[in-house]
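Listed below are the structures to be examined.
The two complexes that follow have chain A in common; it is paired with chain B in the first and with chain C in the second.
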Partner chain A sequence: MTQLDFPAWLRVTHWVNVLFITLLIRSGMEIVATHPKFYWRDQCKPGTEWARFTRKTMPKDKLYDTLDEEESYSSIISLPGHKKLGMGRHWHFFSVLGWILTGLVYFILLFATGQWHRYIPYSWSIFPTAWNDLLTYLSFNLPPLLPGQPLDAIQKLTYAFVLFFLAPFQILTGTAQSPAIEARFPWYVRLWGGRQSARNLHLFGLLIFIGFIAVHLVMVASWGWGQLNALMIFGEVRDRGWAIALSFVIIAAIVAVHWAATVLSLKRPRTVQRALGAVVMGARKLLLRPLVSRQDYSTAELSPEHRVNGKPPDSDGYKVMAVHNFADWRLEVGGLVEHPMTFTLEDLRALCAKQTQRVLHNCVQGWTSIGEWSGLPMRDMVEFVKPLPQARYVCFLTMQDTGRDDPSAEGEGQFYEVIDLTVARQSHTLLAYEMNGEPLPIKHGAPLRLRVENQVGFKMAKWIERIEFISGYSDIGAGMGGWREDNVFYDKNVEI
Partner chain B sequence: MGAERAVRPEITVLSAEQKHRVAKQLRRYGITCTSCGSEDLDIGDGLYLGFLFLREEQDSYLIALTCDNPDCLAPRTGVRVHESQFLDKGQESAGGRCPRRAGAPQ
Partner chain C sequence: MTAVLRWTGLGKLVSCYRYIYFNGPRTTLALGMVLVLGVGAIHLYLLVTDQALARGVASPAYLDVYFTLLFASALLAALSMATGRRPGWALGSLASAATIMMYVVSRVWGLPDLPLLVRWWDYPLGTFVLALAAMFLGLHFSVMTGLNVAYPDRRDWHD
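Our next item is the complex of A and B:
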């Protein structure tokens, strides 16, 4: 039988795993902070949360948006802290890629070298043995190790649970929160009890991981910090003093990485956005971009209330248009097209048959709702104006001035978003002028908003007044592909 | 009924009596078309501003005004009023609060 020792690959992946899992936990807390409320139903109706990690109360007599609900957590528990969701998302997705790659290497070598024997039980008798071990620990004693193995029975079962259940569980519940996965495979979200249920389960998984780490550290200390760290650093029990010292050096190095990531994210967010975004972008485009919505929720599932992220344009021009049912509103479509056009709302309604889709809306903050959206398929608009060959992107310019309209948003200026022309041509990309069978409400973007069902909500520009076909976006705003990308450092492509 | 013919969800449809009250306010404060100066203004529906818009007072409405002058270049405008100035509930006076054209200083 394979000697269950501590080969180099096992030791290296252990410490790399410590780095990635702690990055995941802290960046996950940053993501929680942006909407620190948890629900069982995908409607996320205000007041129905089963858990909240905020003391904020929202007004009832004034429209608030979910940016007002956002919390600022300390950098000690979240990466980077201080309401920096864009940075938190970059670190989370970058770390999860690193964590999965580390896990793949670990699993392949675990089975290739026969080291899996250390984790997989051979007999049912391990369960009563594990129970006895637990009682032994509770009486502040150490149970015997399994014969010829480096672990006792309860440790073996715990590691098997964490490796073969908890880690895949976290990946699967995380995946269930991707708008692209949800759009293409609605059954998969239902498998977890819905999008919010998946979010809850992901949180429970996080808490179990934190609990595991705490108990693991107690175990290492109880069994002998020097002895076990010697095994995990040198591969054998020797030089315990050096092992203790080196274990703290390694932990200090991991803390230093966290510190650097935090400081860099707070002081040089654009650098982090570009660097980590480039790593994650490839995986997103390859795995998630091709996924097109196949959602068709029933009318009974429509959310009675739909939260908003972003407040309506607080300008007299907009209000006068609204009170006249947007009769004076015009949509200009231009840029790199053969046929620049100007449309009224009636023109858009008459342009082609209305498309209706009942879908799950995913806010970047984590809340959801189910709505029915009707309007003009964007691909029909594309065909109508005929983009020139050099057009590669579509820019949606809105009537919202964020500095004026949304003090909770960081930054100011006209809100805009850019999508790839390939995304504009996808069947679920819609210029919506109706919601739930009624004219699109003001708070949801009247008279016209974008729907891109495999991306998160902020890409779906509201209160649109102009659409421009462009060859590049580096000279628009800060050049990152949208107002949120410029100011909150989100990725331009947000299929997760 | 198709949504294209539906009243917007935020719109308050004014009764004849409520429109009469708005017209009284327009006459009282000498409000005319911002584009051509005409006094012939059709009073339309109302939009409750107080909830939706960040800087609006809680009881603020915008009433649609359409200029009857066929030569007017911008016939669709609006006037901001307080709910007590045209809604049925209560009999409180304007209390010195003037209706303001949309676009007039606060």
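Our next item is the complex of A and C:
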């Protein structure tokens, strides 16, 4: 049998894994902070949480939205901390790519070199042996190692569980939270009991990981910090003193990376947004962009109370239009098109047959609701106005002035979002003027909002007043492709 | 000191329990009952089998009384908790605290007529009952601080 030693690839991947997994944990905490409430049902009805990790209580006597519920966690537990969801997402998705690549290299080499024998049990006798090991640990003693192997029986079973079950479980439950995956494969989300159930399971997986790391460290200390670190650094036990010293140097280096990532994210968020976003963007475009919604939830599944993010325009002009059922509202469609047009709400209704879709809405914060949206397919609008060849994006300008209307949001100015023309042509991209069979409510974007079912909610601009077909977006706002991208450093494409 | 705690973020970390609230009254109750019944069941087992002592060593009468009391308290605590009476939790904590205290005292200083217990830590069932008792105390503490809520109490979250 292969000698179960500590080859260089195993040692390197171990420490790289430590870096990525700690980055994942901290950035995951940042994502939790933005909506620190956990539900079992996808409706996310307020008050039905099984857990909340916040001290905030929302008012009973005035309108609040989910931005008000966002919590500020310390940088010690979250990356970067202090309500920086955009940065947390960039680090989480960047780290998960690094973690998966590290894992792939590890798994390939594990099986190619025969080192898998150290983890995969091939005799039922390992279970009674593991039970005896457990009793030995409860006696505050150390059990014997398996013959010719670096682990005892209970350690071997635990590593097998973490490597072959827990790690894939985290990837699969994380994937189940992607709007694009949910849209294209609704059965996959149901497999986990729903989107919020997948979020819960992802949290439980995180807690098990944290528990494993704690026990792992206790085990290393109990069996011999110097000896085991010598094996994991040098591959052999020669100088335990050096191994101990070097183990702390490596840990300090990992802490330094965390510190640098935190400081950079808090002080130079745009740099982080550009650098990490560029890495993640490729994976998103390749894997998630082509996924088109096939959702068709039943009317019984519609959320009685569809949650909302963002507050309506607080201007006299908007209020007057609202009082008159938006009879005076006009939608201007222009930019790089052959036929610039202006539409009333009635024009949009008469333009072509109404499309209706019952879908799961994914907020970037993590909550979900199920709603029925009806309106004009965006691809029909595209065909109607005929974009010029140089048009590559569509910019949706809204009546919301964020500084005036939404004090909870960081930043100010007219809210806008940009989507790729290819996304605008996807069948699920809708200009919605109805919700649940009624005219679109004000808080959900009346008179017109965007629906893009393979993206998270903030891309779906509400209270739209103008649509521009453009060749680039670098000159709009801060040039990042949307108000949230400009001000809170989210990614432009958000299929996850 | 306050400045250091604030500057390092440690102050916030220490007070992090104030950010944690669970809403599982029945789960909390069930878990509490399982833990306290586990403590009681182990004491009943020790009473019946004399396994707490070395083979051939007669169990002093007071130890049998202690095991019996512990078992009865745990059972009463579980029944009281199930019927929604708060003293049940207090009784459970009392039984758990007594378990931990008696075990530690017996291993550190010994018990009357039982000096053989001193430094006898390598006893898996003892470690296990210690863990159960500690977990019950932790759970009861979490209920008292509001981190958890136990049936029949409920959360009143409107938001």
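We take it that the second predicted complex is superposed on the first by the 496 of 496 C-alpha atoms of A that agree within 3 Å, B and C clash if a C-alpha of one lies under 4 Å from a C-alpha of the other, contacts with A are read in each partner's own complex, and residues count from 1 in each chain.
In this section, contacts are C-beta pairs under 8 Å (C-beta built on N, C-alpha and C of every residue); 3 or more make two chains touch, one makes a residue touch a chain.
As the structure is a prediction and not an experimental result, all values here were calculated from the model.
Steric overlap between chain B and chain C is absent once the structures are superposed on chain A; the two fit side by side.
Once the two complexes are overlaid on the shared chain, A:332 sits clear of chain B and of chain C alike. Superposition on the shared chain A places chain B and chain C such that, viewed from the Cα centre of chain A, they span 100 degrees in steps of 10. In the superposed model, A:301 makes contact with neither chain B nor chain C. When the two complexes are overlaid on their common chain A, residue A:437 makes contact with chain B while staying clear of chain C. Once the two complexes are overlaid on the shared chain, A:410 sits clear of chain B and of chain C alike. In the superposition on chain A, A:380 makes contact with neither chain B nor chain C.
Of the two partner chains, chain B is the only one touched by A:446; chain C is not.
Measuring only between alpha carbons, the smallest separation of chain B from chain C in this overlay is 15 Å. Listing the residues of chain A that touch chain C in their complex gives 36, 46-47, 49-55, 57-58, 60, 64, 69, 71, 73-77, 81, 134-135, 138-141.
Taken in their complex, chain C has these residues touching chain A: 8-10, 12-13, 16, 18-24, 121-124, 127-128, 155, 157-159. Note for the complex: chain A touches chain B at residues 61-63, 311-312, 314, 316, 319-325, 327-328, 346, 349, 374, 405-407, 433-434, 437-439, 441-443, 446.
Those residues of chain B whose C-beta lies close enough to touch chain A in the complex are 3-4, 6, 8-11, 44-47, 49-56, 58, 62-64, 66, 76-78, 102-103.
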